[in-house]
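Shared between the two complexes below is chain A, which pairs with chain B and chain C, respectively.
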Partner chain A sequence: MHHFVKGMFASLGIIFAAASSLASNQNTFSEDERAAILSHGPWPPKLTPDPSNRVSGNQTAIAFGRELFRSRFLSASRRHSCITCHNPNRAYADGLALSSGVSKVDRNTISLANLRLNRWFGWDGGSDNLWAQSIRPILDPRELNGSATMVAKRLRNDIPFSRGYKAIFNALPTNHTDEDILVNLGKALAAYQETIVTPRTPFDQFREALANNDNQKANLYPLAAQRGLKIFVGKGKCGLCHQGANFTNGEFDDAGVRYFKPSGGIDKGRFGGIQKLEKSPYTLLGRYNDNPSKVPGVATRHVARSHQNWGQFRVPSLRNVSQTGPYMHDGSLTTLRDVVMHYSSLNEERLHLDGRGLLRSLNLSHQEINDLIAFLETL
Partner chain B sequence: MRFLLLFLISGFFTFSSEPVLAAFNCDGLQKATSGQILEKGPYRLVYRTDPETLTVGKFFGLTIGICTTDGSPLPDSLKVDATMPMHSHGMNYRSTVQNIAPGQFTAKGLMMHMAGSWMLQFDVRQGSTSTRIATKLTLK
Partner chain C sequence: MHKALTGFIFGLLSVGIASIGHSADRPLIDAHIHYSHDAWEGLPPAKAVALLRKAGLKKAFVSSSSDKGTQLLYKTAPDLIVPVLRPYRRRGELGSWMHDESVIKLLENRLSTNKYAGIGEFHAYGNDVNTKVLRRVISLAKQYGIFLHSHSDAGVIDGIFKQNPDARVIWAHSGFTDPAEIRTMLKKYKNLWSDLAFRDEHATNGKVDPSWRKLFQDFPDRFMIGTDTFAPERWYYVIEHAT
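Coming up: the complex of A and B.
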C-alpha cells in the first residue's frame, strides 16, 4: 500500500512536471497575432483547373508535360531542358545565384511550386499565366534558345511526342500552325507544373493545432520557431507582403536589393515586366486564352505601369524557403541568414520612395535573427 | 414619389446586373442607407462595393451615385483610386470607371494588395473643377 501511494504520487509528479513543461513550451499569442497566424493557412489549398488552359488538370496532358519538362527536346542545342534550372532535387530551382542555360541570365531561378496560386509569373510578372511563362524560356536565346518553328518541326518529326500531342489536342501537329503548337506545348508544361505542390510542414501542423486549441500538438512546434513567428507577424511586419497560405501577396515591391544587372545596365523589374506583358500575344486578354469570357484577365486589363514599378520585383512565396537559396531576384543573398540580416540592417538610403514608405530596418538582436530563421525553416 | 425613388435606388444597389436607373436626386440618395455616404462641397456621394466585404489581394468593383445638394450640375466624370498613405504607395491597378447614367457610375478593377489603412479616393470632375472625396478603409 505504502509503495502504491508512493508510486501514485510519483506518477502524478511526472504528469505535473510534463504539464508544466508543456505549458512552458508555448509562446502566448495575442488575438491579433493569432488571427495573423491563422491567415497563413490552411494548407494544402484547394486548387481548381486553370480556366485559361483547356488541358489544365488533364492527366494525359500532365504526363506529357512532365516528359517535355524533363526532355531536351525543347532546347535548340538539345543540351538543356527545364530541369537544367528547375531541378526536382533542388526544390525545382538550381542552387545558383544566377540562372544559366545557353548563357548566363541576370536573374535567380525561381523555385517552381504552388504555381496555381500565382497571379503573375517571373520576377517581373512579365507573364499573367503559367502557359505563357512556360513558353518564355523556350524562346529566350539565353535559355533554351528555341523558336515556334523549331519546336513545331521537331514535334512533327518525333513519332512518340507527336502521338502524345495528338492524344491531348485531338490533332496531329501537322494540322496545327507552328505558333499553335508552341502554345499547346506551353499548356501541357503548365498542366504538369501545376501539380507541384509543397507538402504540409511543421508550421501547418502548428497552425492547425492553434486553430483547434490543441496545446499538446502546438507544443511540438519548436519554441525558437514560435518566437520567430511572433516576430514575423509582429514587429517584422513580414506578413504585409508575405501574406496568406502561400506567404506572398503575389504582387511587387522594392526590397532594397540592387537593380543593376550583373552583366551591366539596369534591371527594370516590374516596369519591364508590364512592358513585356503589353507586347505579349500570350496573355489572358489574347486569343490563346481558352476561357471565352476572358474573365481571368481582370488583373491584366487593369494593371498600371508607373514610375513606382522601377526596382520592384515579385514577392516570392516563403513555402519551402530553406530549400530555395540563393535569394532575391539577383541571387545576391546566399543564405536565409543573409536575407534576415538584409531586412535587419536595411540601407534605407537605397530604397525608392515607395520602398522607404514600407520598409524599415528591423534592428533585430542576434537571438531574434536566429528565431526568425528557425521559423522560416519550418515553412 | 419618395417611395418610388427609394425603390429605384434599392434596385440600383442590388448588383444583379449593370445597374441603370432613372434620374437621381439627393432626396432619394439620402434614403439609400445600404451604401456608404460621403459629402464634400456640393456633392453627396454614395458607394457600395462588390463584393460587399473586401479582401486583401482580391479584385472588387464599386457602384457609385453622386448628387448635388445645391442644384449645381452633376459631375461630367469620375476617377477612382486608392492609396496607402502610411506606405506611400497606391494600388498596382488602375480602375476603369463607366458613367452609366447621370450621376451614376461603376468602377471595376480595384485591388488592395496589402492589409492596413487605405484611402479610397473619388475625384469628381465637373467642367474644369475637380473635387476629391476620400474615405478611409481598413483591411485586415
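Coming up: the complex of A and C.
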C-alpha cells in the first residue's frame, strides 16, 4: 500500500484527541442507517491483480511503472510527465480546475487512488481498464502529445529503460512492435498506479467501532461528522451513487453541472465515452487483454449508448475527497462547501427527473451543510 | 391558421414510424424540442435553426419557458419550426403552474396574438387534470383546434379525452409507461399520439425490443420521436439523435 497523504495518521490522532474531549455522546443510528454505514467498508479492501494485465502485481513492473510515471520520458517535448497533473503531493491531482499539459484540457484532473476498484476510467469511462487509460494521455496532443512510434523509438534508444522493459516483458523493445511497446508501457504504468491506495481514515475507525459495538471508540468520531453521516445515509441518499467501501458505484450520472466545454462546444460525457470504447483497440474485448477468456470485458460487450448518457459523468470516489478539489468533471466547484451547496439547491429541471434520475434538491439547512462537510472531511 | 398548421403536422405524422431510420426520402420530425432562456442565451436563434437543419429535420416542435424562445425560433424559420405554447413563464413552474390561475390569461393572450400548433409540453399528474387551469387549457385547445402535448400519467390522458373526446394529444415520453399500457391508451383514443423522447427501452444497439416492435407494427402512424432539449447542452444531441 502506498500511503500518499503524509502525516495522515498524525492528523487522525489530533482529530481523535480533539473529538474525545468534545464528543460526550454518540448519535443514535437506526438499524437501516447502521447497515448503510457498515456497507462503506471495510477498508482497505483486499485487492487482486488485474487479469487483463499480465504484469499487474509484478514488483519489477511496479517499480518500472513508477519510474515511467515520474519521468518525462513519455512526453514528446520531454517537458511533462504523469505527475505534471497527478502530483503525489496533491493527492495525485493538481489542485487546478482544469488539467493542463501541453495545453489546457477541458476536464478536471481525477485523483489517482484506489484504481483497482474501478470498472470504468476517466470522467466519461472512455477506457474499461487501467492500462488503456494510462495510454490515453500519452497519445493526447493536449497532454503528453506522444505516439506509439515516438515512445517505441525512445525506449529502444534508452539503455536503462530498455533493460527495465526486458526484465518485465522478457524481450528487448527492438523485438516488439511500436504498438506492443505502447501497450506494455501502459501495463507497467497501470501496475504502479494500482498500488496507490488511500489510508484508513477516521470514518473507517468509526465504522469499525460501530461494527464491533465499541461505543467508547465510536464516541471518538466527531459529533458533527456523525450528524453529517446520518444525512449521507438518510435524507441525502448520497449512498445511492456513492456506494460501498470506495464511496462510488463506479457508474455515470448527470449531476446537474453544465457541460459546455470551456473551450467551446459540448462535453458529451458518458455518451462520448461509449463512442470511444466502440472505437478503441485497447478495450478488454481486444487482443491486448491478457486474460484469454476475456471475461472482464462482459460489461464492455453489453454497454450501449442511451439518451441519458449525454452529459453524464462518472461518479467519483469520495475517499480523500477533502484533498482533491476543485470538483466535478470541469472543476467548476472549488470547495467541498460549493459541492454540498450544489446538491442542496439543484436545478431539478436540468435533470429530467421523470423517467430517470436519483437526484433531488436536498434543501439542507446551514447546520446540515456544515455537518455533511464535517463528515466528508473524515473520508 | 392554427387548424392549417395542425393539419399539416398530423398529415406528416401519417408517415408515422417510417420516420425512424432517417433517410433523405423520409421526412424527419423532432416532436420534442425546448428552447428556454438558458438555451437562447448560449445558442442564438440563427445558430439553433442551423443546428436543426444540419440534423436534417423537416419539422421541429418547439416550446419554451418563456414562450419568447419559441417565437424567436419561429420568426427565424417558419418553414421548420412548429410553435407550441408552453404554460410556463420560466423554469421551475412545472409543478405549480396548474394551480396558478394567472396562467389562463397568459395563454389566452398568447393564443390571440401568435400562431401555435399546440399547447405544451405541460406536466400534470392525477387530479391535476381537473384544476381550473388545466380545464381551461383543454378548452382553449378545442377552441383553437390545436393539440395538447402532455407529460402525464394515463389518468390525465383519460381526463383530457373525458373533457374533450375530440382532443388531439401527444403523450410526452409515452407516459414513461410500458408497451401494454401504451397499447391500451392508443386503442382507446384514436387521437392520441405517443412520443418516444428520452426513452431507450424500445431499442438498444439498433435492435428493437419485440414487445415494442409489435406495438409499432400495430400502431405505425401513432408514434413520434423527439430529443427533449430540457437542458441547453442537449441541443447538441439533436444531430446525434437524428443520425
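Going forward, the second predicted complex is superposed on the first by the 349 of 379 C-alpha atoms of A that agree within 3 Å, B and C clash if a C-alpha of one lies under 4 Å from a C-alpha of the other, contacts with A are read in each partner's own complex, and residues count from 1 in each chain.
Throughout what follows, a residue touches a chain if its C-beta (ideal position, glycine included) is under 8 Å from a C-beta of that chain, and two chains touch if they have at least 3 such contacts.
What you see is a predicted model; the values in this text were computed from it and never measured.
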By the touch definition at the top of the document, which applies to A:L240: first (chain B), second (chain C), both, or neither? first
Pick one for A:P199: touches chain B only (first), chain C only (second), both, or neither. neither
Please indicate which partner A:P281 is in contact with in the superposed arrangement: first for chain B, second for chain C, both, or neither. neither
Taking the superposition as given, does A:L358 touch the first partner, chain B, the second, chain C, both, or neither? first
Figure out whether A:F260 sits in contact with chain B (first) or chain C (second), or with both, or with neither. second
By the touch definition at the top of the document, which applies to A:W310: first (chain B), second (chain C), both, or neither? second
Tell me the contact category for A:N249 with respect to chain B and chain C: first, second, both or neither. first
Once chain A of both complexes is superposed, is A:P141 in touch with chain B (first), chain C (second), both, or neither? neither
Just checking: does A:R301 make contact with chain B only, chain C only, both, or neither of them? Give me first, second, both or neither. first
Using the superposition described at the top, list the residues of chain A that contact chain B and also contact chain C. 304, 308, 354, 356
Can you list the residues on chain A that touch chain C in the complex? 258-260, 265-266, 268, 271, 304, 306-308, 310-311, 347, 349-350, 352, 354-356
Any idea which chain A residues touch chain B in the complex? 35, 239-241, 243-244, 249-252, 298-299, 301-304, 308, 353-354, 356-358
Flag every residue of chain C that touches chain A in the complex, lowest number first. 42, 91-92, 94, 123, 151, 173, 176, 197-200, 204-205, 227-228, 230-234, 236-237, 240-241
Of all residues in chain B, which touch chain A in the complex? 56-57, 59, 84, 86-96, 108-111, 113-116, 140
